[in-house]
Amino acid sequence: MANHILANENIVDAYGHVSIRHPENPQRFLLSCSRSPEFVTTDDILEFGFDGEPTVPGGKKPYLERFIHAGVYAARPDVHAVIHSHAADVLPFTISTRPLQPVLNTASGIGEKVPVWDIRDNFGDTNILVESIAQANDLARTLADNSVTLMRGHGFTAVGRTLVEAVKSAIYLPLNARVMLAALSLGGEIKPLSPGEIAIRLKTPIDSPAYTRAWEYWTNRVKLSGAATCACCGGKHDTDNREGR
Amino acid sequence: MANHILANENIVDAYGHVSIRHPENPQRFLLSCSRSPEFVTTDDILEFGFDGEPTVPGGKKPYLERFIHAGVYAARPDVHAVIHSHAADVLPFTISTRPLQPVLNTASGIGEKVPVWDIRDNFGDTNILVESIAQANDLARTLADNSVTLMRGHGFTAVGRTLVEAVKSAIYLPLNARVMLAALSLGGEIKPLSPGEIAIRLKTPIDSPAYTRAWEYWTNRVKLSGAATCACCGGKHDTDNREGR
Amino acid sequence: MANHILANENIVDAYGHVSIRHPENPQRFLLSCSRSPEFVTTDDILEFGFDGEPTVPGGKKPYLERFIHAGVYAARPDVHAVIHSHAADVLPFTISTRPLQPVLNTASGIGEKVPVWDIRDNFGDTNILVESIAQANDLARTLADNSVTLMRGHGFTAVGRTLVEAVKSAIYLPLNARVMLAALSLGGEIKPLSPGEIAIRLKTPIDSPAYTRAWEYWTNRVKLSGAATCACCGGKHDTDNREGR
Amino acid sequence: MANHILANENIVDAYGHVSIRHPENPQRFLLSCSRSPEFVTTDDILEFGFDGEPTVPGGKKPYLERFIHAGVYAARPDVHAVIHSHAADVLPFTISTRPLQPVLNTASGIGEKVPVWDIRDNFGDTNILVESIAQANDLARTLADNSVTLMRGHGFTAVGRTLVEAVKSAIYLPLNARVMLAALSLGGEIKPLSPGEIAIRLKTPIDSPAYTRAWEYWTNRVKLSGAATCACCGGKHDTDNREGR
């Protein structure tokens, strides 16, 4: 369902992916095989280890950039969900020296600081994709204890204590980026959220009705879009063999 | 119908709400229970007092930010409708020191001055939501005798002598914001409406055909959208249990 | 069909209108009654004199701003079509001291100079609508022998030797405005069309296949939109009683 | 199918075209007759020589600007596909002195340098369309050994070693332009791709799975759009007689 929500909210397109830490084995995580999130069904979910490889070899083909998830789960025991996206509204901040700041109450989940990871810093010229555990570990070091890291010329990775928390950050990050960019165009000073405001909002319990309600809302939007049929949501997805990176 | 119009014109999404002062008891106002405006039906409308609480306890769950409406009706006897929205085009002005000005004839209803209420000024760090009468009274003091107040990092509240007047301001405010922002990007000087122009347009009688015609137009657009079925508009709304804040 | 084309290309919405000079009596012009262009049918077309009044009194209600057309036809014998629009992409240039310039080959029809008419210059504070012949004559003086005049805080009026020429200018003007604004944001110098380039393109004969082809293209888009049914295009328009200004 | 993909991804509209070098005779190329790309079928494909004329005279009417393709194939033996487009997001860079740079990993195919061809430099005032071999040869000289050349006030021409490579550049060029423009608005410095990064990505073999997967993805999107029926894709295109330039 998180795959369908992110596709329906235009956070991911053919590319991008979402994973959760395995609920019973924290050394494992669950991520779709290489398929566009819009078309992912329960049959597509594979189990991975911290080496970024499927625990059952010979199955469906995994995403090229699955290492991102492996690196983050290994470095951050508090994280239970990881999202990788190339949402266009965020991209300008990945190539600018101007830091992205949280300016909207709804986007407080992105945290006070949003670092930018530049793969070139430690790996020199590459194809700018995360294709190894070494690169993923480097990304996780830049992420540090933040909720989001931008990736230069590429996209972002958002994490959460829960799946809904990560989804919420991924959905509001592009809006926050668009609004901050527009506010800068106005030529005056801008007022970001204060550290205290962010801290108060981050204290929201993970079982808060605010999270439940948001999830129900996004789920309803998927169902109403009428585009899907699958085991998890009963929609009419075209389960065509579309792949993602 | 105002709920449906605002949803159809993309002024509100899952969140945001619209109320009217009770036509028979000016100490009361009518506002939906916690439901996305797109799905509100006549059965969802609750009656509230100036304390922001439903007059009939134990009914459907109210919006968290219903206090906004209570505070404004208490402070402004001339106001008969209140709208709270998070429309994205307005948000840049809520976090900028550059004031929003009316620049379009259609947006003259927003008035000469559009103040920005910053909840942090008097309440310090909060979750940036209006959750008490004290906060709503503070917002109403910033609104003063204007038609709209922006809310820092959050959205705006628009008021009107009538429902159609408030709806019109809420619909043209985002367009006015977008056009003003773009005009500033051009690098020259901008020409806002003059105080005299605003005054002339504000003198439009509340029963003017211009208002009737606008309402009919927005109503037709709701009906043509084919998305709704409800007591007030005969459309085919999916009355699914979607909630709003 | 011009009404339907302009609505389908998002040049007009509920408001805005298009007229032609009467093919047999150059002292008259043809314009819809007060109805949103999307819904105009042949039965809605009224005949007007240069006083801006219908030649047959007691018929359907005319647009409030019909005077625009009367003033232009009286002042410009070479003009056979007039369009009034509030397209949002053009509005920033109506309130800025930065002049709009033609920058795209497709928009050469807007001409070398695009003046801005400010109703306040000669009429002081008004409601910023064109409600009299005196105001329309003033607008026509600012238009002079150009193809388009912007109207401060309001919209624009485009004219043509033929209906298709006016429609083409009205369709490409917003794109030209958007591209010029974006180019200015890049921070470098911009290269507008040269006077010679504009002159060459303006020499296109009014019966050129380029015009015929464009008209066929726009017409096909109306038909494919499947939104209309009317005498002129065979589409399935909802002929609901929607009015425009 | 390339025609349908480019239309479906909004890279071309009524205008714009895509060609391939003849697979058996490198002195020839294949290009549709004058028809909007969305409606092109296999029956519309004509064969052309380097003079820009159909090899079989008297057939369907060719595009006015077919010379662009002829000039590029003659000058660049390594090129097997050419696309001409007027995508709006690219236009600002065609009229600005600020050069377009590759900033996104997905857009590395546009290469390190993106020249701007100004037809006025060598041909003075024209209608800014490419209507002769002489003009096309001049454009090819500006293109030189790059992957894309912008065309002042007009659009761009993208080339590729293969059809999929040209399509990929044409699809990611507008996104790259939009992101770079937005990043400049942020006011800081921007980080383009490095020459080394571009070189690594350009070394991708033309039979790489990355290309195959992208093509399948775009093809699926065409099929899912449900707008087409034709020999090549089995869709339900309206094969109406729409022409392009």
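Residue numbering begins at 1 within each chain, and the chains themselves are lettered A, B, C and D in the order written.
Convention: a contact is a pair of C-beta atoms (placed from the backbone, for glycine too) under 8 Å apart; a residue touches a chain by one contact, two chains touch by 3 or more.
Quick caveat: nothing in here was measured; it's all calculated off a predicted structure.
**Q** I want to confirm something about chain A and chain D. Since they are copies of the same sequence, is their interface symmetric in residue numbering (over half shared, so same) or not (under half, so different)?
**A** Mostly different residues.
**Q** Taking each chain's centre as the mean position of its Cα atoms, how many Å separate chain A from chain B?
**A** Distance between chain centres, rounded to whole Å: 33 Å.
**Q** Can you list every residue of chain D that touches 2 or more other chains, as numbers and ranges?
**A** 185
**Q** Using the contact definition from the top, classify how the chains connect: line, ring, star, complete or other.
**A** ring
**Q** What does chain A use to touch chain D in their complex?
**A** It comes out as residues 14, 36, 86, 88, 91-93, 95-98, 118, 120, 124-129, 152-154, 181, 184-185, 238, 240-243, 245.
**Q** Spell out the part of chain D that touches chain A in their complex, as residue ranges.
**A** 103-106, 108, 175, 178-180, 182-183, 185-194, 196-197, 199-201, 204, 210, 213, 216-217, 220, 224
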